[in-house]
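The next part holds the structures, each set out as structure tokens.
The two complexes that follow have chain A in common; it is paired with chain B in the first and with chain C in the second.
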Partner chain A sequence: MKDVFIELEKCQGCKSCELACAVEHSKAKTLFAAISETPLPRKRVFVEYVDGKRFPIQCRHCEEAPCVAICVSGALSRDESRALVTHSKERCIGCGMCVMVCPFGVITREMGSKVITKCDRCKDRDEPACVESCPVGALVFTDMEELEKTRRRGVIKNVLIGGFKAS
Partner chain B sequence: MIVNNQEIEAKEDSTLLQAASAMGIVIPTLCFHEALGPHGSCRVCLVEIVNGARPGLVASCTYPVEEGLVVETNNTKVLKTRRIMVELLLARCPDSTKIRGLANDLGIAEPRFDKENESCILCGLCVRVCREIGINSVGFIQRGTNREVTTPFQKPSEVCLGCQACAFLCPTGAIKFEDVAEERKVEKWKTSIKLQRCSSCSRPFFPEPLQLYLKEKELLVPENIGLCEVCRRKSLGSRLASILSRKSTV
Partner chain C sequence: MTESEKKSSDLASRYMLDKAKALGLETIWDHYEAMLPQCGFGELGVCCRMCLEGPCRIDPFGEGAKVGVCGATADAIVARNLDRAIAAGTASHSDHARHVALTLLAVAEGKAPDYKITDVGKLKQVASRIGIKLDKKDNLTLAKEVALAALEDFSRQDVNIPLTWVATTMTPGRIEVFSKLGIVPHNIDANVSEIMHRTSRGNDADPVNLLLGGIKCALCDYAGCHIATDLCDILFGTPKPVVSQANLGILKKDAVNIAVHGHNPLLSDIVVDVAGQLRDEAIKAGAKEGINMVGICCTGNEVLMRKGVGMATHSVSQELVVMTGALDAIVVDIQCIMPSLSSLCDCFHTKLITTMPIAKIPGATHIEFHDDKAVESAKKIIRLAIEAYKHRDPKKVDIPDVKQTAMAGFSLEAIVEALSKVDAKDPLKPLIDNIVNGNIQGIALFAGCNNVKIVQDQNYLAMVKELAKNNVLILATGCGAGAFGRHGFLTSEATEEYAGPGLKAVLTAIGQAVGLNAPLPLVLHMGSCVDNTRAADAAVAVANKLGVDISQLPVVASAPEAMAEKAIAIGTWAVAAGLPTHVGVVPPVLGGPLVTEVLTKTAKDLLGGYFIVETDPVAAAGKLLDAIRERRKGLGI
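So, the complex of A and B:
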């Protein structure tokens, strides 16, 4: 099952993913039209700066998700076939409890707005917008096996170039 | 079944309103919410059943679909009755923008009835959503023209969580929450709830009763208790950063 992985060492904090995410969730899906929309489209991925390090974070689509457990209306549910936590705008009652229980703080809602925003892993796309926009490859959309393979190759490459370097 | 001369298929347990909106046929409604089930109090979603066991006008949000039903959602009889329904609602709540908009769509400028200065249309969404969450802090009292939604004995609610779901669902904006310093006030329920400050950025964000409620459910991660969502991301970040710095020293 494919997932969005974060390569922590690579992120430069350029926030391209945040921008691409907001544009993808706008009505027009182009940057210039998106900035004049009301309400402004909102991002679902967040680049955080902590102790001189930067990293992007979005919904991890937990297997045992606290947000799904707390949702009384059934608006948040886990789609096992795609391994996603999905949110239905129509069923949402706006109690905001998912915002409070999310262990990563990646479910947000603006003051005065009913419905929450969270990563839907771009339903209209094969590859999420954040992954596609990342210029340094800090966000990777792949499955676990593929990721490990790339890691192994990276190590071998380093050894061949000369000397061992942990990657 | 047939809706507006168009043959449609519907799921067995659905109502006329759900079946029609699934097919893209718009029926206006004020008191329906998908998660809260049918209630049938605003009567705006009226449609006419032409054949079947009970021909006549019915509320589409409470009427279950049947095989071979012939329904019309926009004929003159439906529109005439719907107009009167909305006109009565408009006379009750002349200041509500949503009802004003609905009236405009139906071609009503001003109601012919005496205007009241109410804001609640007694649709029961707030009562139902509070029951759904399991709190039951508000309910209907009295009957007829005296009917209203309020807290038990019209006193400040002792059980309200301050989650604001009732305010978000209210179609007329009768329920308003206001965050003043460390208090979240609800004029309609005469209640004020203490907000807890985020232990890191000291932004007041978390109604205290809601935190107790979530603690009881055992869904809060211990290291996240008392942190707002922004600081929760940051705390995750500092944990990751410490892992990274350890790695680079290896």
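So, the complex of A and C:
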């Protein structure tokens, strides 16, 4: 099952993922048209910056999702078949409880409405828009197993072949 | 649709692209692919890198930063970026013009023995127009006065005296409009400098004021272009109709093939002449057919217009010429030269020769071109090409058998000359009569580049078919004219095939009158991109004769595949001149809603001209036809 992972050292803070996310969730799905839509589409990925570190983050689609647990209207639920936390706009009452319990702060609101919105992992696409837009590969869409394997092989490359370089 | 069909409409380009793929050679299309997706902030023009507190970018969706670190709004940032693009374009054309003016001065002072006054008639015409008394002055004295007058447009400090090359070439109505808006320029260099100043940190933050400054700078671009054309005509001759050929098929297996690429005829004109002189050396080296000069981009257009040199290709497909394996040298001067040529030339025997001190490329051989020793420099270059020919690998030679006849050389003087065969006393009358009676609905100028984002030539072809069918007279310059050349639109046959009945009748009548025994070509090739003022002069002449302003004429412009900053500068002065001006690539301005509004709507009230942004070529042609109809209605015709 694929997830969006973040290569922590790679993000340059260009916010291309934020733009691509908003465009993907617009009516027109093109940048030039999306910027004049009413309401404006909202991004669901956020590039944050603290002490020289940049970090793009969106809904982690948690297994034991606090937002799902606290949702009183049943708008937030788990789609186990796709391992996603999904949101029904129709059911949402805009209470904001999920916003309060999300440990990552990645739940936002529709423009001009209390109804929440969050990453839907781009339901119409194979690869999420944010991942596709990243010019440096800071966002990757892959299996956790694949990611781990790449990491393990990286260790072999660095330590056993390339020689460990202390920084 | 094959991969190469998605990249180019041109058969020769497609052939070479397939070959590039087979050989694993990278082209601009691969580089573009690797660049995708391109940055949305850049596409909208809302990225500012003008101070060390940046880079800043404005969130077009209104969630993040609404202003730059300094407080600049999206509109201010977009307008500043646009202004700088206009200034870069202006700097390019006018630096080119300055070089030509200095050479003309050197000729007048006897310091450039390899150049001469070729067109005395043009010299006198330009001198009279700018108010120099002819008296009984000899040609060199007159040339010196014209050169100094041109240089004055680069050095005048009195802001109340307008540029000579604007004041004496535009309609009185235009000058009045420019004066009212406070955008009459006095000095080309000062205005480029002013743009760099006013757009730097902490200066102009008013988007409308910035745009007016940009338009004033674009008028300097116009002046620079006009000076370059006038003075090149004086030095090398005003173009007359000439029949040549276009596309990669003009390369010859048994000749030393040398391409001139770039923009400056000071180099290419001499190189072409010297190539004729060194023919025997090429034959001695084994090239039975001697030396075959071909052109790429606008310096190619310059030598096509004046010497009938064939056009190998233009713009986006310049790399593909090298891949024929038959090109022995590519001699470049300034502008639109892709650095990627260097690594491609490494894969073949082709010598990439840079010649100008401001345009060097790593890996190229640099032979600096000196105006005072022009022939000597040219000989060195040609001999290097002959030497390279000896290392050509015949197994790698693969010239696609694709070429078209191309008639060019339609300077305004040449067009008037042709019209004078119809009406000797009043040459413009037949043109005007046919516009009034509707045989010709209007005039469209196609200018500009190819752009890797658009299937090569696709927009040109789709638009010209639409407009010609609706009896619009088509003029073209630069790589646009090159596109038409590649596809056989610079021919009488194209007129037969695509022109509407009114247009066909007019082009046929003129063709008969000049003894062509066939119609004039569907598209009249007016020269390089710096020669766009030839088309402006045509509009001015018609407007003055009718006693109206350009902004009332059914004349439009289009850069359907624009790429360069130069195209932005030209497009902006076309709007200032009063023309509805189409751009087929979305320019980086949409992030500034006020800027977009001014360029596409308010400009119409202020200047008469305005930008039309439309990426669909058929829809774009429709919009230009609407603009033409609206103006015909305005004139009551």
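Throughout what follows, the second predicted complex is superposed on the first by the 150 of 167 C-alpha atoms of A that agree within 3 Å, B and C clash if a C-alpha of one lies under 4 Å from a C-alpha of the other, contacts with A are read in each partner's own complex, and residues count from 1 in each chain.
Definition applied: a contact is a pair of C-beta atoms (placed from the backbone, for glycine too) under 8 Å apart; a residue touches a chain by one contact, two chains touch by 3 or more.
These numbers were taken from a predicted model, which means no experiment stands behind them.
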| item | value |
| --- | --- |
| Side-by-side fit of chain B and chain C on chain A, or clash | fit |
| First (chain B), second (chain C), both or neither touched by A:V140 | neither |
| Which superposed partner A:C62 touches (first chain B, second chain C, both, neither) | neither |
| Partner chain in contact with A:M100 - chain B first, chain C second, else both or neither | first |
| Which superposed partner A:C14 touches (first chain B, second chain C, both, neither) | second |
| Vertex chain A, arms to chain B and chain C (CA centres, degrees, nearest 10) | 110 |
| Partner touching more residues of chain A, whether chain B or chain C | B |
| Minimum C-alpha spacing, chains overlaid - chain B and chain C, in Å | 12 |
| Partner chain C, residues of chain A touching it in the complex | 14-16, 18-20, 22-23, 31-32, 34-36, 40-43, 132-133, 135 |
| In the complex with chain A, residue positions of chain C that touch it | 37, 39-41, 43-44, 57, 59-64, 586, 590-591, 593 |
| List of chain B residues in touch with chain A within their complex | 33-36, 129, 132-134, 163-165, 168-169, 206, 210-211, 214, 217, 219-221, 224, 227-234, 236-238, 240-242, 244-245, 247, 250 |
| In the complex, chain A residues that touch chain B | 8-9, 46, 48-53, 55, 57, 66, 69-70, 72-75, 88, 90-97, 99-108, 114, 166 |
